[in-house]
Amino acid sequence: MTRSVLSTLATAALISLGHAAAAQPADQVGRSPWGPADEIGALNKITPASTLAVLGRIRSGQVYDLSVEYFVGMPSYYVLGQPRYQIWNVHTPQGTIVDDPNGLGKEKNSHVTYSGSAISMYVHTGTHIDALSHFGLGGLIYNGLRTDEHLGDRGWRRGGIEKFPPIIARGVLLDIARHKGVEVLPPSYGITVDDLEQAAAAQGVTLEDGDVVMVRTGRMQWFRDADRYMRDTPGLTRESANFLADRGAIVIGVDNISTDVGPSQEADNWVPVHSAMLSQRGVPIMQNVNLEQLAADRVHQFAWIGAPLKLRGADGAPMRPIALPIR
Amino acid sequence: MTRSVLSTLATAALISLGHAAAAQPADQVGRSPWGPADEIGALNKITPASTLAVLGRIRSGQVYDLSVEYFVGMPSYYVLGQPRYQIWNVHTPQGTIVDDPNGLGKEKNSHVTYSGSAISMYVHTGTHIDALSHFGLGGLIYNGLRTDEHLGDRGWRRGGIEKFPPIIARGVLLDIARHKGVEVLPPSYGITVDDLEQAAAAQGVTLEDGDVVMVRTGRMQWFRDADRYMRDTPGLTRESANFLADRGAIVIGVDNISTDVGPSQEADNWVPVHSAMLSQRGVPIMQNVNLEQLAADRVHQFAWIGAPLKLRGADGAPMRPIALPIR
Amino acid sequence: MTRSVLSTLATAALISLGHAAAAQPADQVGRSPWGPADEIGALNKITPASTLAVLGRIRSGQVYDLSVEYFVGMPSYYVLGQPRYQIWNVHTPQGTIVDDPNGLGKEKNSHVTYSGSAISMYVHTGTHIDALSHFGLGGLIYNGLRTDEHLGDRGWRRGGIEKFPPIIARGVLLDIARHKGVEVLPPSYGITVDDLEQAAAAQGVTLEDGDVVMVRTGRMQWFRDADRYMRDTPGLTRESANFLADRGAIVIGVDNISTDVGPSQEADNWVPVHSAMLSQRGVPIMQNVNLEQLAADRVHQFAWIGAPLKLRGADGAPMRPIALPIR
Amino acid sequence: MTRSVLSTLATAALISLGHAAAAQPADQVGRSPWGPADEIGALNKITPASTLAVLGRIRSGQVYDLSVEYFVGMPSYYVLGQPRYQIWNVHTPQGTIVDDPNGLGKEKNSHVTYSGSAISMYVHTGTHIDALSHFGLGGLIYNGLRTDEHLGDRGWRRGGIEKFPPIIARGVLLDIARHKGVEVLPPSYGITVDDLEQAAAAQGVTLEDGDVVMVRTGRMQWFRDADRYMRDTPGLTRESANFLADRGAIVIGVDNISTDVGPSQEADNWVPVHSAMLSQRGVPIMQNVNLEQLAADRVHQFAWIGAPLKLRGADGAPMRPIALPIR
C-alpha cells in the first residue's frame, strides 16, 4: 500500500474519530486520533505541505500584529488569586554606578550605560495560547494522561506547552460584532452556531479543515479598562466552539479574556469551552487576541503565524502571532 | 520629485550615515538616520515590500525552530545578581479541590480539572532580542535619549521592546564553527571579519542589506550544562559586528549567552558588541539562538520570522523565531 | 568628666536638637543628632539600660501579638503598581513524587513527604516598619544622604532596614477610636494633638522619652475587606505626628495602611507624616499594626518587642512585634 | 479536683506520651498529646507562666541578634530548583519623577523623594523556623493530617506557620564546635548524644523541659561563601535530635543550612532530623541561626524571644529571634 493511500485512510479515520469525539459524553476527556503518545491534538494537522501552501498564498507584506502589550495593571485572571503581570528594573544606569556589580568601577560603569528588566506573570496573561493540559476532566487531561502522574512542581512532565510546534496555517476572522451591527457584543452574550455561520457567509469566509479561527467580540476595545474588559465577557459556547472544531479548526482564538462566556452558562462546568476544546477535542484555544486592525481593514483570510514561548511544563504560554493577507 | 527618486536619495544618505556611524567615536551613542523620534534603528528597513519579497522566496514548509526551551536551571545571566528563570504552579487539580477558590465545591472542582502556572525571568533569558535601550553610553541610549528622562520604574517610557515590529526578513546562517572545522569555537574566541567573509564564501552566502544574520559558534551544544555554556564564551568582536552592520544587517543573533566574547577583550568596555550595535549602530542583537538544526541541514538562507513579546518598557524580550528555507 | 555627666550633657544637646529639628523648614531633611554616620535616628535612644528597665517592669506573661497575617488578597499598597503579596508551593508531596528532584525515586519520596512554599511581597506589606530611607525630600534622605549616591539596584547601600536593631522599649497605646466613642474613626479623619493628649489623659498614659507609640484608629476591624480598609484612611497629621516625636517617641505605629491620613490633606506633600517622621525627625513609622486585643483588654502600657527582618538594603521590612503588660 | 492536680496529671501523661512517641516506628507520623486539633506540637508548652518566669530572670539588656541578613547571593536551598532570595526596587526617586505614578507631576515628585523595594524568597531562607507541615511521612504530616486534604495551592489550610505563637522561652546554647576545640565541625559531622551531654556539662548548661535549644557547629563563619556554607554540612542526627526532644526541647535551632547532617547518613531518609522532629515529635526546628556573638561572649542561658512572620499556609517563615542573658 502506498503512502498516499495510507494517508487517505488515516484522514478518513480521523474524520470518523472527529465525529465520535464530538458525540462523546460531556464528562470524559477525549482520546487523540494521533495515538496514545500525542500531546498536541489538532496541531498535528500542521504539515510542511500545509505550511508551504498557505505561505504561497500570501498576497501582501502588510503584517497584522495580533498581540496586546504587557503592562502593569493590564487585564488578567486574578480573581482566583493568580499573580498579576509585573515588570521591574534589575539593572539601571544609576544603580550600576552605585553598586558596581561587575567590579569595573564608577568610571567604566558611567561610560557603559546598562539597564535590564525582569518580569513575572501567570502564563495565561495577555495574548496567549492554552496547552491541552490547562483543563481536564475527572483528574485526566486530553488523551487520558493522569494529572497525579504527570503534573510536577515545575509544571507538566507531559502535555506542556513546549511541545507545541510553531503554528503556520490559514487563519480566518469571523467578526461577530460587526455582523451583529454592534461595537461590542453584549455582556455575557453567547455566540451561537448561527452567528458563526451567518457571519462567515456575510464575510465571504468558508471554514476549512486546518484553519486557525479568530472570533471577534469587539471586547478588545475595552482592554485598557481592566475591570470593564473582564466582567461578563461575551464569548463562545460549548456548542459554537464544538461547531468550529467539527469544521476542522486547529486553534480557536477570541478577543476576550477567556474564550468562554463569563460567567458560565452551564451549571456544572465553569469553563465549558475550555473543557470541550482542550480536554475533549484537543483544540488549543487563545485569549486576548487583538483583532482590531484585521477587522478595521476587513481582512478575513490570512496566513496566521505564531509560536508560543517554549516554557517547559507550562499549561500555556504568551505569544505574539501575526497575520498576512492571502489570496 | 517622485517617490522613487526620494527613496534613492534617502538610501544614499543612509549609506553615507552608515559609514559615518561606523567611524564615529567609540564613546558616543549613534543618531538614527530615521530621525530624532526613532526607537527601533535598523528595523526601519523592514517594509511591506521587503516582507513580501522574502516570503515569496520560501521553497519549503519545513519550519526550523530557533528557540531554546525555558526551564529551571537553564543558563542565564545571573552573575550580577539577576533573577533566574522560575516556573511554578498557581493552580493544580488537587489544590483546586482543597481550596475551592471559585466556590463551586468539591464535586464540581473534581470534575473540571484545573492547572495553571506562572513564570518569572530576567527578560534577557533564553532566546531573546535586546531593545536598543539595553545598553547605552554616557547616560544616553541610541539616538540620544537620556536615561534619566526616559527610564522609569517599570522600564523605558521610550525605547522599550514593545516598539519593535514583527520581524520578517531574509535570514542567513554563517556557521563559523563548521567553517573552522570544530564542534565548538574555542573559549573566548573572537570571531574575525575574515572568519565571517570566508565562512560566507564557503557556505555560498552573500550578505545583503536588510538581512537578519545568524552567527554560529557551536556553543548551543553545551546549553544543558549551564556553567559550561556560560563561561568564556566565543563570540563576535566590535570589529566583526561592525562589519555585519556595515553590510546592512538589521539583526545579529548568536548561539551564545552574550553575542559578545566573554570576558571582554576591551579594557574600557565590558560589552563592546552591545555598545557598538545597540548604542551606536541601532542594530538589535540576539542571544541563545538555536541554530543547530539549520546547521545540521546546511540551510544558509531562509525567511526569518519572529516577534518579541510586547513587554511595555522592557529593554529586551523573549521570542521564538523560526526559519523557512528560501530559494 | 564622668560618663554620667557626659550623658546628661548629651541628653540636653539632644533635646535642644530635637526642638531645632521640629522647627526646621518643611522642605528639608533632618540632620541626626547622633552624627553624620547615623542611619537609624531615634532608635539610637535604645540602650541596654533602657531595655533592661522596661523588661524589668513586665507584670504578665500574656503575650499580645501585634501582627496581621499575610495572605493572597490582603490589603497592600498596589495603587501605584506595587506587587501584591503572593505565596506558592515550590515543593508538594505529590509533585516531589512525580518530579523526583532529589533523585531518590518514587518509593523514598513517597515515604518522606515534602512541602515547601515561597513568597513575594512589597516590603511595605502587612505589619511592617519603614526605614528612614523610605521617604526623603529633595533627593536626600534623613541625615543628608544622597539618593543618587546610596540607592543601588538592590536597595540602599546606606540607610537600609538591616541597620535597625531589635526594638525593645516601653510601648503605649493611644486608643483614639475608643476615646472618640466610635468603632472606627471617620474616613480621612486627621487625628489632632488634642485627640492624642486627651486620649492619653483619659487612658492614664503619660508619654515618655523613648516610647514606642501605638495609635489606634479602629480601622484594623476592616482588614479583611481590602478595598474598604485602604480607602480614605483616618490617620495622623504632620502636626500630631510631630507632637509625638516632640514627646520622644522612637517609633510610631498605626492600625491603618499608611500612618498618614488618606488622601493627603497637604497640597504639596502626598505623605506628610512620612516626610516629617522619616525624613526630618528620624522616627520610624509602622503600618497595619494590630492593636485590637490590646484595646479590648485596655492594656495601655507594655513592653514592646519587635525586630524587622534584616533585608539588606530594603527601605522597610515586615515584622511581628509583641507586647507584654508592664507595671 | 483542683487545676494544679489536673495539671500534674496532664504532665505525667505527656511524659508518658513523650516516651511513647520516641519509641514509635520510624515510618509513622506522631500524634499530638495536645489532641487531634493540634497544629503546633511542643510549642503548646509555652504558657503565660513559663513566659513570665523566663522574662523575670533577665539580667542584662544586652540584646543578641540571632538572625542573618538577607541579600542576593546568600546561601539558600536551591539545589532542588527553589527560587533564590531576590530584592528589587519598585519605586525609586528618579523613576517616580519619570513615571509620575501618583499624577502629582514632576515638581512634587522631585520634592518628596520616594523609594520602595520588594522581595521574593523560598520561606526556608535565612534565619527561619519550620512549621510541622514542612515534612511528613507517608502522605501525612504531624498529628495525622492528610496532605491531600489540607495542602492547597496557597499552602496549608491546616498546619501553616501562622498558627505558631510568638515564642518566649528559656534558651540554651550548646557550643559543640568550641567543646570539640575546632573553629567549625568537620564536613558532614554528625553530632552525637555524647557531644551534647558533654558540651552541656562543660558549659554549665542543664537542659530543662520547655527549652529552646541552640546548637552551634561553627558553620555560620562561612555564611558569606554560599557554596562552602552549604556543602557537606555538619549537623544533628536523628539520635541526637531525639535526645534533645526527650529532654523537653520545644525548638531546636542550628547554625547550618539544614539542622540535619548533609548528605543524609540514612539510606531511606534524606532528612532524618526533619522527619523525627517535625513529623514525629512535633518539635519545630530552625536553620541558619546566628550564634556567633553568643558563643564569643560565652552566653549559654538566655531568654529567647522570636516570632515567625504569619505567612498564612506557609510551611515555615523567616524570623529574627533575639536572646537576652538570664540569671
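A, B, C and D label the chains in the order they appear, each numbered from 1.
Assume a contact is a pair of C-beta atoms (placed from the backbone, for glycine too) under 8 Å apart; a residue touches a chain by one contact, two chains touch by 3 or more.
Only a predicted model underlies this, so the values are computations on that prediction, with no experimental measurement involved.
Each of B-C and B-D has its own count of C-beta contacts, and the greater count is at B-D.
Distance between chain C and chain D, defined via averaged C-alpha coordinates, is recorded as 25 Å.
Separating the CA-averaged centres of chain B and chain D is a span of 46 Å.
Counting partner chains per residue, chain D shows two or more touched chains at residues 72, 81, 83, 88-92, 94-95, 101, 118, 120, 148, 151, 153-154. Because contacts link each chain to all the remaining chains, their graph is best described as complete. Within the complex formed with chain A, the residues of chain B that make contact are 27, 47-53, 55-56, 58, 60-63, 65, 67-72, 77, 80-83, 87-94, 101-102, 104, 108, 110-124, 126, 133-141, 147-148, 151, 153-156, 162, 165-166, 168, 268-271, 275, 279, 305, 307-316, 318-322, 324.
Contacts from chain D toward chain B in the complex involve residues 72-73, 81, 83-84, 86, 89-92, 94-96, 98-99, 101, 120, 148-154, 157. Every residue of chain B that touches chain C in the complex is listed here, in rising order: 81, 88-90, 92, 94-95, 118, 153-154.
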